[in-house]
Amino acid sequence: MKILYFAWLRERLNKSDETVSPPDEVKTIDQLMDWMSARDEGFELAFANRKLIRTALDEKIVGHDTPLDGAQTVAFFPPMTGG
Amino acid sequence: MKILYFAWLRERLNKSDETVSPPDEVKTIDQLMDWMSARDEGFELAFANRKLIRTALDEKIVGHDTPLDGAQTVAFFPPMTGG
Amino acid sequence: MDIRIRLQQEIFDPGEESNRFLKETATVGAGATVTFTGLVRSDPDNPIHSLTLEHYPALARAQLDDITREASTRFPLMAITIIHRFGEMLPGEPIVQVMTLSPHRQAAFEGAQFIMDFLKTDAPFWKKEKGNDGESWVDAKACDDRARDRWR
Amino acid sequence: MDIRIRLQQEIFDPGEESNRFLKETATVGAGATVTFTGLVRSDPDNPIHSLTLEHYPALARAQLDDITREASTRFPLMAITIIHRFGEMLPGEPIVQVMTLSPHRQAAFEGAQFIMDFLKTDAPFWKKEKGNDGESWVDAKACDDRARDRWR
């Protein structure tokens, strides 16, 4: 599973993407964030305030409670500020 | 007193302006239209439906009950359709 | 506030006017500009050959002065330009262009909309269409009055 | 419906793009076109040196596809073009341009406003400013969420 980071999340984690293989019991985006926080303190700190984190599964913006359901790509990013 | 006509009023009356000297008892635009209707059948016909007539006194759009109050120019025209 | 009003018979180039507006009025504090352009519209099933706009020059200028002044008190605008043509024009040609500049997008949008809504009903221009069946004056539309009245 | 979406690093010419939009999409039934241009804004008292836009290309395209499709079902539009830049840009430069074409002015205005309101909050672009005090990410604004939510 490919993970993408954008904007200050990318800067704070010092990487724009990584590949992870979470265990089968990680079924939702929330659970993925829990699992990644447990294994990586940097991730835990950057993701401490989850209200600031937006997520997309396979190029579709979704809520944190969405099932991963075999998604290839999970993207994490702050609220958008384009235009 | 100069009278200006625009759009279909101008066409119907077959003139774009004229100069008139109404008597002193003609004090409002309504009364001016009454006076002009009495002396000119063409005017009376064109001004039959006064709801369709808009008026301006000295380059200011005003209602029919406005006093003439020494105005130099009275303009009559249909509802505007610019833009 | 930089307010410019041009009444002219000659055709104008919409994009060139937008660029000139930006070049002549934009400062570093500007964040948004809106250009509205009204075009001579024709119905493909009942085409018009031309559109003629009659106007009352002195009153048109006075009304557009009032409308732009009111827009500049209601919305935080940095500049407004209105170009309005009169005389005869062909389908597809621009009739009117309103441009606004502001720090923020809502003001730029609402300023331009406000100006167009009032211009439609309160500026002394009258449209006459020439088509297959001859000439006819365009009727004022109730929806234009309603569009204006929502700002009151 | 002619919908075009361009994401590009290069600067663009606002007026030239408006003219191209009209030239390539306008038919005789068109009566109104609106162009919104967002500019890199700087505060004269605390100027920025540059603005950098980061984006998520595949998601940006998908979101702008959705937003324009939704706009075209809500408003009687004949054409929409969006140009959005990414990368580094200087104060005064255009960031984004949205153009709409319609038979009627309200649809052209509302279509462009709708697109901009959703683009601001739902398209994956992130702004970073470089100023006298170094670099900082621009915060999302609650007023942008409210502007979007009035369409719901």
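The chains carry the letters A, B, C and D, assigned in the order they are written, with residues numbered from 1 in each.
Heads up, the rule we're going with is that a contact is a pair of C-beta atoms (placed from the backbone, for glycine too) under 8 Å apart; a residue touches a chain by one contact, two chains touch by 3 or more.
Keep in mind it's a predicted model, so treat the numbers as computed, not measured.
With contact taken as defined at the outset, chain A and chain C are each touched by D. Path length between chain B and chain D in the chain contact graph, taken as the least number of steps between touching chains: 2. Chain centre most remote from that of chain D: B (centre = mean of CA atoms). Computed centre separation for the pair chain C/chain D is 22 angstrom, with centres defined by C-alpha atoms. Put simply, the C-alpha centre of chain A and that of chain D have 27 angstrom between them.
If you average the Cα atoms of chain A and of chain B, the two centres end up 72 Å apart. Among all residues of chain B, those that touch two or more other chains are 83.
Shared contact sites, meaning residues of chain C that touch two or more other chains, fall at 38, 105, 116.
Remark: the chains found to touch one another pair up as A-D, B-C, C-D. Residue ranges of chain B in contact with chain C, taken from their complex: 4, 6-8, 10, 56, 59-61, 75, 77-83.
If you check the complex, the residues on chain D that touch chain C are 13-20, 22, 26-39, 41-44, 47, 91-92, 103, 105-106, 108-109, 112-113, 116, 147. By the touch criterion stated above, chain C contacts chain B in their complex at residues 38, 53-56, 58-60, 62-63, 84, 95-96, 116, 119-128, 137-140.
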